[in-house]
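Next up: the structures, one after another.
First chain A sits with chain B, and in the next complex the same chain sits with chain C.
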Partner chain A sequence: MEKYIIRRLLMLIPVLLGISIFAFSILHLTPGDPALMMLGEHAPPQQLENLRRSLGLDEPLPVQYFNWLSRAVQLDFGRSLRSNALVINEIANYLPNTAQLAGSAVFFSVLIGIPIGIISAVRPNSLLDNVAMVGALAGVGMPAFWQAIMFILIFSVTLGWFPSSGKLGGAAYFVLPTMTLATVSTASIARMTRSAMLEVISQDYIRTARSKGLNERRIVYRHALRNALIPVVTIIGLQAGALMTGAVLTETIFAWPGIGRMIVEAIRQKDFPVVQGVIMTFAVSYALINLFVDILYAYLDPKIRVKYK
Partner chain B sequence: MEKGQTVTFAKKSILKAMLRNKKAVVGAIILLIITLGAVFAPFLAPHNPIQQDLRNRLQPPSRDNLLGTDQFGRDLFSRILYGGRISLRIGFITVGIALIVGGTLGLIAGFYGGILDHLIMRLMDIMLALPGFLLALAIISALGSSLENVMIAVGISLIPTFCRLMRATVLSVRENDYVEAAIALGASDLRVIIKYVLPNAVNPLIVHSSLTMASSILFAAGLSFLGMGAQPPTPEWGKMIADNRAFIRASHYIVTFPGLAIVLSVLSLNMVGDGLRDALDPRMKNL
Partner chain C sequence: MSKKLTSVLVLGLAMLLSFSIFATAETNLVVTQMYDAVSLDPHGENDQASARVRRQIYDTLVIQDGDLNIIPGLAKSWEHVDEVTWEFSLRPDVYFHNGDKLTAEDVKFTFDRLRDPDTAAPGAFIVGFMEDVEVVDSMTVRITTDGPFAPMLAHLSHGVTGILNQSVVEEAGEDYGTTVVVGTGAFKFDSWSAGSHITLTRNPDYWGHVAEVDKVTFRSIPEGTVRAIELETGGVDIAMGIEPIDEPRMEEDPNVEVLRTPGLGADYVGFNCEKPPFDNVLVRQAINHAIDMDLIIEVVYAGQGVRAVSPISPTVWGANPDLEGYTYDPDKARDLLAEAGYADGFETSIWTNDNPLRMQAAEIIQADLAEIGIDVDVQIMEWGPYLAETGEGKHDMFILGWTTVTGDADYGLFPLFHSSTYGPEGNRTFWSTPRVDELLSRARANSDPDERLEMYYEAQEIIAEGAPWIFMRAPINVDGIRDNITGFEPHPSGDFFLNTVVKN
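Our next item is the complex of A and B:
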């Protein structure tokens, strides 16, 4: 198992190097002089020259990249061009807020999605199943930004139950962003649980359990669910991508102080060091989450566990 | 003759399977209405979509303005019809980019294998190291905000899945004895690709295209919502939601209806895609 983990960690290195080249070149793919673009057209030449020198823009590209990379592996992404704060400090301030929001979304989507999937699978094609599955299909197709505005309209503007923006402490601020972010993952988890349960229920060992005369509750929860949960674990992991996408939009709408909103602001303000830092943060988190899910999967499924012994 | 019969038979059974699938039929009808509305927008739209009428701002739905008006007094129904043109065009162009580039790369990787395969697939791994929307967002940050750049960015972000699908199809087709036989008989690479590989790749690619088009429309609307895509006064659905957002207290219709338009397009594409998948390739059901 350790061998497997180490091998997977080593495999991350070339991928992250590739992403770092991409993140680095964002600044240089942009048409025009980066320094001019950052400071505006009316910047004095001396200031432009200083910025070029401080960013190392006067050196050849490969040299610039290696300088940037050697600082980046030490978590030094430079300073924000707008606030002049160290990018890594900004990320450290904002990342926990994104993690809290994503964590609460995952928690609630598991809490709601899995029971819906089980109920749908136990009574396939019932009214409840149909309603749940149409709801799940709609949940996947709804743009997070639209849904967020609808929630604000209903629960904030009309009913006045929850605050519509910010994170000033208190659970109330979590409610609407969590609802928005959890929708897609709840829908996917419900669909996945249903199809995994349906597949397990048709297996021979479930028929055996039935013919032994076990009660249905014990069959569903003890025999079927345990086996069906393995693919569900992967879908929770696959939600990481959807959650990051959702975080960018959700945080922007609810003025949530996370790294999703941070990158949108940085792109708008052409604050390239921040954009680069946040992209690397997203890539590393995404890679680690996927790795964690694969390991968990191997741990849960004895068939895979044996393979990597 | 015999071959022709089997082909028509297969097509008929696909159509039958699709018609039996209620969700797919409903999806296809919605999609058809949206497409017709978009194609014939110049004839169907009662007003000019960018014509302002400041005396007629933020009106609720009425006989003259079926879905009401926005903060500049523009007719929402006309704007949504024209918005359909943009969203469908984005869907086709982005999927077209991904299909051509990704499909070709996958074909090369699967067919020639070796170092080419290795290089292409590692490149895809790098592209998949960021979730698609974030990759598109990062590309936009370099290219600058415009509708064209959104299409390029979203198109690029969709390449990896098409590449992997194509490669997997090529690898499975190559396993067949008849392909080995054709190669042994001296068939050229091009002939093997056209005669054996592509026909087998068509079905999975169609299914994947329709499902991907749904996410592409969502991505593009999201980017426009963030202000990184369509610029005013373009009647793009995501941009309309962003611009009208500040006025929801006065009139919620201006946000509700463009959002419903996105939901209906995405939903119908997903329903048709799911239906196609079940009809064309029962093996893919659980993917």
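Our next item is the complex of A and C:
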């Protein structure tokens, strides 16, 4: 088990290095003088000079990259060009909001998605199954920005139940963005659970279990579900990653002070240190979620554990 | 979901809602705008979102009222000692939010910091005219300019000149403007939840009109529709920037009042007047007649603006009220083009950055010019190269905007039409005339307002005639307030003062 985890951890290094090269080069891939582009047309020459010096733009590229990387591994992404705040502090301000929202969305989509998937698989082609799967298809298909506006229209404007934007207080502010985010992932999880369960249920050992006279409930939860969970865990992991990094639209519409909005603002303001810092944060959170999923595999699947004994 | 769980949830929700209703004993005015502030240091980023918050926290030496008249601020009076020297007497009853008394030292410190190249303040251009700042005594400060500079008071009313507390700024160092913010204004900085909201509280010891509300919350809501919905549902009291698509619904809502304030901006298409065929004034006039500008304003800008007749918005002090602009007249355009020797038209290009509204405007211009035989290629560019290359004069035509942030014609004309500013400094059309140069230089140096007005009127006539631009639009700012809000007057600059606002 440890060997497996260590191996997975080591595999993170090349991935993160690759992304760091990308994050570093966005500044240099865009045409024009980076300093002028960041500071705009009215920038005084002195300010341009200061910025060039602080970014080390006169050094050869590999040297610049190495300098940047050696600071980045110490979590030093420099200061925002706009607010002058430390990038890492800004990330620390915004990231928890995204994590809370993503966490609540994952929680509800697992809570709702897996039971729907199981029920559909146990009674395939029943009315319930058909309704659930059409619903799931719609859930996957509806664009988040449209859903968000619909939820706001229904639950804030018409019914007046929940605030339409912001994170100024407690649970009420979480409801609509969580619903928006959870719709897609609930649907994906339900569909994946259903197909994985269907595959497992038709296997010989389930028939054996049934012929032994085990009750259906025990067969479904003990024998089928556990084996069907591997692809479901994968999709949950992917969804969690996507929710951490892909909540850009939802956060923008709901004025949620999360990291997705932070990077949109930073891109608009051409605040490169912030963009770089957020990209690396995205990369690390995605990688960590994947690592966690991999570890969960080993827990769920003895075959994987045995391989690394 | 079980019935029990549902009822628990509903109960919980009801409790949350009732708390929020009964806990508001103090008045909290909620203002929303598109972006979050960037820095509350006036010498930090010079963006509108920050400027609006800073207006409530800091005071300037003089204030420009809604009609762009200059009235006393922290300076109770001033004297024009000689052509290049101004002396300001400070109010003796002004205290910073931390209790320190305002002194002339703070004023000198503020302006010196703003001008210091090491500060690299994006707003430093506002005080580009300053030669020196001297403390005469603790309540008197003397400013010397690098030449006679009549629009000086308008510049000193701009938000970036808000007066700082020297000891606080020096102590806070890099943290000034994010966690430490101290001014003399009607509201004190309380807290900043990044990306979400900024809270200010009433300054009970304010030297001027003490604020009517206890608290102000500035929220950033990037989506226009959500901003409008928050206003509709009463989540916010004031929403800055109602987008065209939401405007009709807001107009119909009895609980919402829509405010339309003419702004200080100007949108224009600039020609490269050094490059044929745009070196020919007839061609430039022909193109001005060929564009259906009312259509562009209606379709692209959804009526949020008026057709420009002058290079400066009619709101700006010094705008010539007698100009009529170019009417939409394709026949006249064809005649002018033929007279210029281009009866068969020509091929050219129009540049724009990736601003969607400008891109749409460029397409309509392209279609209108095709009508008179001019074949236009629309080119969309990255902002960086766009600015650099229009500054070098590599373009044929380009679309840009300019905001006369000081509200004084000098700032709307000098950088754009004086021959000393060719290129990246502002005059990207490379057009001027000796007479315009003379008028702009003299008006800048003349301290008599009536004489200045006359010079600006004449300069605008010559510019309109010379047509280095296609005069496009003077934008109108559209904001919304709840019907229980009174005393809110948005300034043409887009700023506002909240101390006079009452929430009933």
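Criterion: the second predicted complex is superposed on the first by the 305 of 309 C-alpha atoms of A that agree within 3 Å, B and C clash if a C-alpha of one lies under 4 Å from a C-alpha of the other, contacts with A are read in each partner's own complex, and residues count from 1 in each chain.
Keep this in mind: a contact is a pair of C-beta atoms (placed from the backbone, for glycine too) under 8 Å apart; a residue touches a chain by one contact, two chains touch by 3 or more.
Just so we're clear, the structure is a prediction, and the values are computed from it rather than from any experiment.
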| item | value |
| --- | --- |
| Touched partner set for A:V73, first chain B, second chain C, both or neither | neither |
| Partner chain in contact with A:V248 - chain B first, chain C second, else both or neither | first |
| Touching partner for A:V157 - first (chain B), second (chain C), both, neither | both |
| Partner chain in contact with A:N93 - chain B first, chain C second, else both or neither | second |
| Touching partner for A:I149 - first (chain B), second (chain C), both, neither | both |
| Contacts of A:L9 with chain B and chain C, given as first, second, both or neither | neither |
| Touched partner set for A:I26, first chain B, second chain C, both or neither | first |
| Set of chain A residues, in rising order, touched by both chain B and chain C | 30-31, 149, 152-153, 157, 252, 264 |
| In the complex, chain A residues that touch chain C | 30-33, 36-37, 39-44, 46-47, 50, 79, 82-85, 90, 93-94, 97, 149, 152-153, 156-157, 160-161, 163-172, 252-255, 257-258, 261-262, 264-265, 269-270 |
| Complex contact set, residues of chain A against chain B | 14-16, 18-19, 22-23, 25-27, 29-31, 137-138, 140-147, 149-150, 152-153, 157, 195, 199, 240-242, 244-245, 248-249, 252, 263-264, 267-268, 275, 279, 282-283, 286-287 |
| Sites on chain B touched by chain A in the complex | 23, 122-123, 125-126, 129-134, 137-138, 140-144, 214, 218, 221-222, 225-228, 238, 241-242, 245, 248-249, 252, 255-256, 258-259, 262-263, 266-267, 270-271, 286 |
| Interfacial residue positions of chain C with respect to chain A in the complex | 12-13, 16-17, 20, 35-36, 38-39, 41, 44-45, 47, 117-118, 120, 122, 124-125, 174, 177-178, 193-197, 219-223, 225-226, 229-230, 232-233, 235, 382-385, 387-388, 391, 424 |
